[in-house]
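After this come two complexes, each holding subunit A, first together with subunit B and then together with subunit C.
This part shows the complex of A and B:
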């Protein structure tokens, strides 16, 4: 406190800054390695012959003899139908999810009525509920009480490009929509809450109906948020496992989405064939990785908002 | 609706409100007018979430198992008693507690460290953030496979590092003593980018001048963070901790995907995996529902104080 003000001793300043700087950048690079090595090792292993997998270092790519696309090809052929299933599941579920959530969030923010807090809390709890608490009734409901998959099977058989077994995805789609509503609603809500009140007030004074305000004002300006929620929720549903496991059950079921197949692919009595297993993992991860790299900012925004 | 009507009638007892005006009033009420928007999603979500929970809690008091029908005529706490007398349940609960505490605290600390690191005007900041957060875009099914390979006893990178330094190779997943630690390590890898992002948002919302003021006072960077900055990140810490803790309670997918079987690696069984195994492998519906109910109560034990705290803060 009694010391003199910091003087601008340029030489020591540069030295000090550059030393801490170097340490900082070393740390940054170490952590880049920490986060990327498991992915990188998986990727190079996917491109190795089984012999090279055992012989070479796990993170060094094999060239020449040790290089092969065979495992990748094998994994792709195993996963091909399930990729279609995953898309047929995730796309419609996400679209409906996003639309319903936007409406719900609008009804819960832009219009003021008493008792909103109670409903809001029910939505919020819905985000955090461990799904273990609902999977037994879910299986019971879709298998015994309302077997919609069975009911729709003939219809699906008649639709071109779809197969009868794709109807098994319908209960899963509805399930993913239902349990995705809370988080998507809260994402939209945080955005709607950040909008200036004057935006809606003026329209209200002009006598615009609630539906009209939604269509004319809210929908057009929430385009960026639709992007955020879509990317977030598509990734969630594509990556989802427990509901698929509960409703589709077997990895060899024709309607199984990608995630259901991965844990058993390339496994035999002699252990796991890591060339095949890594090929499958990388292929299955590819859609979400590409989506993530293209829209990293939106994805991060979704995650940030999730935690208040 | 009932409260609204009664409030109205008590307010105007003398007047005779004819039903037309009343109907018009009700229809113009914001609750009714906004109902078409949030009503449908609420009913779908409510039936799935709260209907499901209600049924699970109800059958947890029965003896429902196998192919029989649940019998709701004699309800008791037998399944809960059975759970607390079961070695497997207590072991799973203990593992779950270890996972919850270690995973949450280390992820928070590492995330905070990364956030502060990237807050130092690092170049290519956004690209680096994207890399650190990348594991969060992956399914647990995928990350389990990547880490199986990392943990592989003969060819995995972790043992490669150990043996390079002359240390003995470790059976990361096969040794029940350390399997849970390995799982926690892999999950920290997946989640610390997430805590970093939450902390970075918190850091960026702090006014710059606080930092400057501490600087002028001559405080070192580390002291500034410990004394001034970190205490102000309480809200970020709390919300990230809630997400992490709730995840630790329901982390089924990662553990299942390590083996592809109902039984995760020995030493890593938690309540979530035990519950799914009791339900879908053994058809012990009532018993699994009791475990699920306890999981739910634990999750609520985490969420309820958090929501109350947020409500008090006015940020709900």
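This part shows the complex of A and C:
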């Protein structure tokens, strides 16, 4: 009501100011600083020359002589090929992963068959398998027992825009899909459990087969959930380091994804170049940030539907 | 043709028995209402006919064909769900047409025509391009009906389809559903826990309790000749009054009043000694009490009015034993809307022996139902 009055009501303003309120605001500001300063410092450092980094505090921006775009340029040139690798890895892996997980969750919640619980437990166990425990057999499998990368190399060489070495990503893609499915299945499962069962029953009575119910009813309804799981899983696979390190091995391998290159960028015997490191980190984070921004609405909707 | 038979059907979920030894014969074009309290097995029964559940024992036949292991789409039935189960991402047109896609013998154009035809029948033609969340409850209900009608099935199965509508719309839809069923001449099995719906809509009513069939019959048959105490209590609003007591000589002694039975009634009772007397509230007569206990007749008692619920057309009067300390009401009676009684007034309650029901105190089986002569004469006029 006070807003509609023409004169400014000072008394009510003073009344609103209380000690607890001031304390709340201070706390909020402190926390915002706590979370934002590292980001800001990284961003500022990325735009500083080496000398400026040495002379100024990390979070103080430097203008004039200390300002440079060379770090970003250098980092981008170094990371360019690995960006392509990372996207070639993360996009197909995420899409296949999310689709398979959604199908598995559908089969585990909305279709009745014997032994469902056993399979669900297998999925749950899959979440808790530590990656470190499997890397040696994994490398052995993809290198010696089933060297699919070597097998596919000639095929990849024949595909336009792709190079022979891109076939090295295939074992990594399959591995990431396999290890991503359990958690994604559980995410989808909780969503499908919240859907009314009568929807599937109505479709059954309408004569739809199990596959048709999935394709025509469940898949379209779970669009918001797809947004959530897609963003989550893309970030996971894009940021994944251990499997990439095990299967691609080195940062100078042509198929190396971004995560393999980042640790070595800006580090040399002469010391660490913080400007380059920060530039690389910011560039590497861009795809996931862009993805989140693009799907933010979908993401929020998905979280709402899941909790509601 | 859509004759549905249930033959000794039992359904167990683990140790729980949902439906036990159910025998039910639903005639072609009949409107049968399955009624009972929550958890009585009525929905399970419907789902077994639909093919969403498989009976643990016994057989389901539709048109003489054994159905137990047949999937829903091959049973030629349609179902309307309580929550309508409309596909939220499809338009009304998509929702109604979905079931036709798997139906043989339709071209795409014919499917479209059929959807329009059904929509027109239900008065929802102008809603065809809307999504379910843009529709009111009543409109969603119609779409759900349209989805059932569109395939012209052998039988409609309805699971509390009106439960989510408000009272006014519910009574409208009740009449509409009946008209629709008569027009389409399709066997209908209708599940509800609402006894008004059961009484007004069904050709016949099957009352279930605790997984067991209590009685099947025409609505008035259930009302006047209930097979047991459960049916007597379930059908009729307000509920029938029950007075439990012991037979002592020729008199039924209950905690609040003694009721003498004539020879006829006594022979109907046989050797049962624990009895329950049932009398419908509308069959109880109330008169003003003059103050002289000596003037009371044989089946007349003085009681106190504790609560009067005016309904406009009638009053529901709660009665307590005269001079009773406890809050417990002994009887409820229904009087005409213009007959005003006041709380704490003393009245003479008369219970006509022609109108009482007697149930076995242990099993609840009806031993005697009200005499019907007066009623049959009335219906002949």
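Of note:
Just so it is clear, the second predicted complex is superposed on the first by the 271 of 308 C-alpha atoms of A that agree within 3 Å, B and C clash if a C-alpha of one lies under 4 Å from a C-alpha of the other, contacts with A are read in each partner's own complex, and residues count from 1 in each chain.
Everything that follows uses one rule, which is that contacts are C-beta pairs under 8 Å (C-beta built on N, C-alpha and C of every residue); 3 or more make two chains touch, one makes a residue touch a chain.
Given the structure is predicted, the values throughout are model-derived calculations rather than measurements.
With both complexes brought onto subunit A, simultaneous placement of subunit B and subunit C is permitted, the two fitting side by side without a clash. In the superposition on chain A, A:152 contacts neither subunit B nor subunit C. Within the superposed three-chain model, A:101 lies in touch with subunit B and out of touch with subunit C [touch as defined at top]. Once the two complexes are laid over each other on the shared chain, residue contacts for A:199 go to subunit C alone; subunit B is not touched.
Of the two partner chains placed around the shared chain by superposition, subunit B is the only one that A:27 touches, whereas subunit C remains out of contact. Once the two structures are superposed, subunit B and subunit C can be ranked by residues of subunit A touched, with B on top. Once the two complexes are overlaid on the shared chain, A:300 sits against subunit B while remaining clear of subunit C. In the superposition on chain A, contact is made by A:216 with subunit C only, not with subunit B. Across the superposed structures, the minimum distance from subunit B to subunit C, using CA atoms, reads 7 Å.
Residues common to the contacts of subunit A with subunit B and with subunit C across the two structures: none. Residues of subunit A touching subunit C in their complex: 196, 198-199, 201-208, 212, 216-217, 220-221.
Across the complex, subunit B is touched by residues 1, 3, 6, 20, 24-25, 27-28, 31-32, 34-39, 41-42, 45, 53-54, 57-59, 100-101, 103-108, 110-115, 117, 119-126, 128-140, 175, 177-179, 181-182, 185, 209-211, 214, 235, 238-242, 245-246, 249, 259, 262-264, 267, 272, 274, 277-278, 280-281, 284-285, 288-289, 291-293, 296-297, 299-300, 303-304, 306-308 of subunit A. Subunit B contributes residues 3-4, 29-31, 33-42, 44-53, 55-56, 59, 114, 117-118, 120, 122, 126, 128-150, 152, 154-157, 160, 189, 193-194, 197-198, 201, 218, 221, 235-236, 239-240, 242-243, 246, 249-250, 252-253, 256-260, 271-272, 275-276, 279-280, 285, 288-289, 291-293, 295-296, 299-300, 302-303, 307, 310-311, 315-316 to its touches with subunit A in the complex. Touching subunit A in their complex are the following residues of subunit C: 50-52, 71-73, 77-79, 81-83, 85-89, 98-99, 101-103, 147, 151.
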